[in-house]
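These are the structures, in structure tokens.
Two complexes, one shared chain (chain A), two partners (chain B, chain C).
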Partner chain A sequence: MIDLRKTDPGVTIAEAAFPAPFAGTLEYASPARGPWNIVHVGMLIPESRQIFACAEGCLRGVVLTAAEMGAMDRFSTVAIEEHDVLDGDFEEMLVDGVSDILNGLQEKPRAVLLFTSCIHHFVACDLGYVYGTLRRRFPDVDFTDCYMTPILRQTSSPDALMRRQLYAALRPMAPDPHRANFIGGATSPAASCDLREIFASAGWTVGDITECKTYDEYLAMAKASLNVTMIPSAKPAGEELERRLGQRHLYLPVSYDYNEIDTLLCALTEAIGAPVPDTRAKREAAETALRQARGTLGGMPVALDYTATTRPLGLARLLLEHGFTVSDVYADGFTADERADFDWLRERVPSLRVRPTVHPAMRVQPRDHTETLAVGQKAAYFTGTNHFVNLVEGGADGAGLWGYDGVARLASLMADAARTEQDTRSIISVKGWGCCC
Partner chain B sequence: MKKIAIYGKGGIGKSTTVSNLAAAFAEMGLRVLQIGCDPKADSTFLLHPDRPSVPVLDLIRRGGNFSLGDMVTEGFGGVFCVEAGGPAPGTGCAGRGIIAALEKLAEKGAYEVYRPDVVLYDVLGDVVCGGFSMPMREGYADHVFILTSGENMAIHAAANIAMAVEHFAGRGYARLGGLILNRRNVPREAEKVEELAGDIHAPVVGALDWSETVQRAADENKTVLERFPESGMAGEYRALARAVLAAAEG
Partner chain C sequence: MGVLLLKQANRVLSTYAADVSGVCSALYELGGMTVMHDASGCNSTYSTHDEPRWYDTDSLVFLSALTEVNAVMGADDKLIADVTETALSLRPKFIALAGSPIPMITGVDLPGVARVIEEKTGIPAFGFNTNGMHSYLPGVSRALAAVAERFCGPCERDAAPSVNILGATPLDLSVTGTAEALRGAFEARGIRVNSCWAMGSSLDELAGAARARVNAVVSSSGLAAAGVLRRRFGTPYVVGLPFGAAFSDAYFGALREAAASGENRSPARTDAGEGGAPIFLIGEAVYMTSLRAALRAMGRKNVRVLCPLECSDGLLSPDDLAVSAEEDIREALRDARLVIADPMYAPVLPGAAELIALPHEAYSGRIYRRQIPVLVGSALDEWIEEKRK
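This part shows the complex of A and B:
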């Protein structure tokens, strides 16, 4: 018998393969989830209702999420039982189930996100017929096809699919040449974000679904002539809207490399006709914040995870270049954006440990690194520290961190976390912490 | 684009008939795409015996990216041939195989790239699950033709298939184009098939005689139209092709 407690599944970055450092295994799901799930993301559409159609066992997680969010009044289910599989008319079952739910509501939602599940795809449920029938039956409701199909996750990312479908109800509108959207992120970039300053300097307004209070505000996102995405899983949404609505898509990934940040800022200025910004002051402000944080942390080791930022290796590199002690990066794989940082770290810091989050041995690894500073919920959970920056998908305290402003704000949050302990357990036990829906 | 699905009881001669129809359509100057929806992956064999198709399911199983060209083999008369494939006998889900293959063909743009005038879906046996009804759906076949003999089991299967088509009629799925009689020379054969046609309110659009010519061509891994183009059976297939096209106009 293998004693998992004696098995450290981590590797040094020198030993790690890119982009998949670990072999696939039975997967462990830690209590620290980090990013939002499909329920959280879908709830961003105001005045919408979610309907999940699947077996009761699969409903548990999404029901708990909705309940935890206090959003059960916008959530319904259609439970599939064995006799439904034997009887076999999934199309009628979906149409009738959704119709019953909607007919039972005093007020119809403006939009319904109907989540089908693995079984619908196994049996080739004719979703075209289902949605066509529902749209004819409820012409005032926008129906969006959504998917809870974990069994397909290695061929199509449920996360990316959900972010794409989040905008599926947008219909063509007369474009406003000075209007843009940030799309696909769970938090809107901070008011002081470098990108917002550039948009403002050129007289552009920028929308974000996280700021929409009504369904009409959501629909008005179709007026934008430009969409900006900042994380890989949002790219399909940007590409789809460019194809469908003709909105230009600009991918400006989160970066911790000053030269890359400058390049990305230039790409934005070029796209919207804004003057190229002088970033020297912002760069200096980021440097100052990093120096101050470094002084506050002293030699305190830092552990990062992939749920905190889509570029944990880039962040590790930034911190190491500024004298921080980075001990561990928790990540099960890396995105293509991370290649240059991976190579740099392998060469310069080959002993940096990369640790998985889903390997079964992580269930029983000691969580006693209480003097570590963790950036990200999974890093906090696996180290057991209360020195914790609750950075989720590049956002903290309801604001997305991007560019020089993001670096400075993150450094400040790290300094705060080094000085003040938090009740990590109570924070990370809430799914989708910080969800503003 | 005419999109036609041929259903019928297993062993009734669907693949042989469909391949000869494909060859006849090609001879008429039409671009033809024949899609075998059978886990045995032998629908199009007579059209390209020396270069067997790699079934779509095999390509999917191998993983990695593959192109539309990997799925399609050009056969006799320039017929574009695809085999859905499926799991090993006794394992997996054959219906799921058809679903995956048809979805993959659409995803890769097969209909836009090859721009066929006629698409022929050769579908295994009876309609046994959602996967086997997939070719009937909106976006796939517009007309279903059922191949049957006068044997009771073939007629029973044909009636079941007709019921499935009727069941889905309200959904905008394929319409029943008619029956094709593939004679086995059993007693009262034509009469029994006409009775069935009356019951299901569909015409008998054509009939094929039982002929050793078909078997001799198959023994040489060829369609009748390729091996015995001047034969009477070749003429029957040509006549059937015209009749099917005419019925699919309706």
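This part shows the complex of A and C:
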């Protein structure tokens, strides 16, 4: 038997399978807590209330998520107990439990996100009856069916499902031909983002749920004639809105490949009737920022992880092509968008190390690569470094990074991180970075 | 709308750590490997909100990552294979499996699975049929009782005073110094701490529990282990925490009596005391009855405990309340003027009531950890004095 205490569970990218480089086994949860969970995402709907119906053990994490973000005034629970499983009265319990909560509130919320759990799925709870009854009983409240069903994660990504249901309350409105939305991201693209510039040049306004202050502002997102998604887990939301509201959907994924960025920008200009932008200056600015960052790092190894960006392999490729030393990519799997970069890295940098984050051996691996620069919280934790870019889901300092502007900003953040140490522990311990901090 | 439903809906209150976290917490420092049989979520909840040692102490606590297909197909062989492979690689001192809601629904026999794993690995293995529908207390309780049954053997009894501390986990005591203060309080009275179940002691130290002359049960989750040690080795136990200078004298007197007589003692079992506006203490039964005993020893009257958690018979006095539903707690506190409780109970207090915050890790997690006081010995008197200001 292999001694996991002495064995790196990582593989070289030449040895790695795509899209799942590691076999499934027991899992470890590292203390990096920055990525948003379903509570953080759901709270983006202003004037809404979340009600979770599940066992005490499952409630604990979501209740304290809400508490830590200071949102307990928008959060309630219905606890499932053993006798419920035996009694089989889940529909009645949900209807009466939710009714009880709403009747006891001084002011009804505009919307309720009702989260059912794995148990409801296993006992075939009639959710159609539940929501139908609740909607009749509370006609002024918009109910959205939400799900905390991690047992279904292999067939339905909980994250993608949540981002899709986030917009389920939008109803058809007269479309505004010059209005668009960014859909599904936890962080709105930076003001200087290439996409925003193109929208502005064509006289379009762009909404984002992260900027909505009222429920009516949220509902007004239905006026948009175009929705843009940028991460794979937001794609189903864009597709669903296109199907349901007729809003055109454009998937413009985060990319670190200049040619791909140009192609994506062209796709947007074509969609909104804007002139094709001259990106030479932006490309040069990104190149300059990368050169400066490389000089600042001075050979310092870089480790990346999948929580920082949905395309860690694409970022690794960009950095390697620009003379950086990339030591490790921490990822348990890859998205389909990563295929081309995976193949490129396999061929050109076969020794690049891919390391898991949930494999049990990661619990006992040394975390003493303190002179590494990490991009992402998990990479920071596993290397033990205090030189890190706190990039979560592609966003940093409250702004989403995309395109040339994103590359330049990221390079600048890397240079800052190389120069300055941070308190990694205190930063990565915060749950849902950016939702309230 | 049925009464039953009212009792399961929480409009504003939090929820306690669950039984599966209790198992993990109890066994955390003992060199074993604990596996939560669950899809996902239990592990991040435990490591984020229920386990303050997670960052600094590399304990082997993992998730089985149960999938729908494996649950429906009853694929226990996948669990057995994964646990066996990992255990043979990491060589823990024991293996513990703790269940969650779906394994309960599909009827997974975790003790049976544990026996198979033990046969395959040669490593002692336990299966706990937890289901995430009870508080942490039964989880801690069952884990510590299993250790007492499985690992403790006969030892020569100490001639000098000595004690095992039973039921100590960060879920009740946090990591702000209470466990250390408890040790210090015993040592200061010439009582050697033989082991602490389970903070700051190794499995070997726990295995030698029979050496101690008496067991100190510091939370209701230590009672089951105390019962096992009593049955197996005849060790008497004392229930309570030595809070406050005055009550500490009574507590240690009871401890000496128990050691001398071989009879169990419950010095924290006092009545509420008549007179004055009611003071309510909300929380775990042993902790709060000890605090009540200390306050009574300081002259306070009408001090009532409200226990929202599982509670063994005989811990509460007739004046106390064992209620957990939000509406019941609101009703119970209707006439309260002073409440000592976790800050997350604030929303259900009547407007006229004052809250003295006494955060409880098992309830509010890490949010108020820095405010969790040490109340052992005279520290309680100082805390009360500070709160008066």
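Operating definition for what follows: the second predicted complex is superposed on the first by the 431 of 437 C-alpha atoms of A that agree within 3 Å, B and C clash if a C-alpha of one lies under 4 Å from a C-alpha of the other, contacts with A are read in each partner's own complex, and residues count from 1 in each chain.
As a working rule, a residue touches a chain if its C-beta (ideal position, glycine included) is under 8 Å from a C-beta of that chain, and two chains touch if they have at least 3 such contacts.
Keep in mind the model is a prediction, meaning the values are calculated, not measured.
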Exercise for the section: Kindly classify A:171 by the partners it touches after superposition: chain B alone (first), chain C alone (second), both, or neither? Expected result: neither
Exercise for the section: In the overlay, answer first, second, both or neither for which of chain B and chain C A:79 touches. Expected result: second
Practice task
In the overlay, answer first, second, both or neither for which of chain B and chain C A:123 touches.
Solution key: both
Handout entry: First (chain B), second (chain C), both or neither touched by A:88
Key = first
Problem - Contacts of A:152 with chain B and chain C, given as first, second, both or neither - result: second
Completion exercise
Residues on chain A touched by both chain B and chain C 122-123
Completion exercise
Counting only contacts in the complex, chain B reaches chain A at residues 93, 95-96, 99, 129-131, 134, 137-139, 171-172
Problem - Of chain C, residues touching chain A in the complex - result: 1-2, 5-6, 8-12, 14-21, 35, 39-50, 54-55, 58, 60-69, 71, 82-83, 85-86, 88-91, 100-102, 104-106, 131-135, 344, 347, 364-365, 367
Practice task
Provide the residue numbers of chain A that touch chain C in the complex, in ascending order.
Solution key: 1-5, 24-29, 31, 33, 54-61, 63-64, 67-68, 72-73, 76-82, 84-85, 92-93, 96-101, 104-105, 117-119, 122-123, 148, 150-155, 358, 360-361, 363-364, 425, 429, 431
Completion exercise
The residues of chain A that touch chain B in their complex are 88, 90-91, 122-126, 128-129
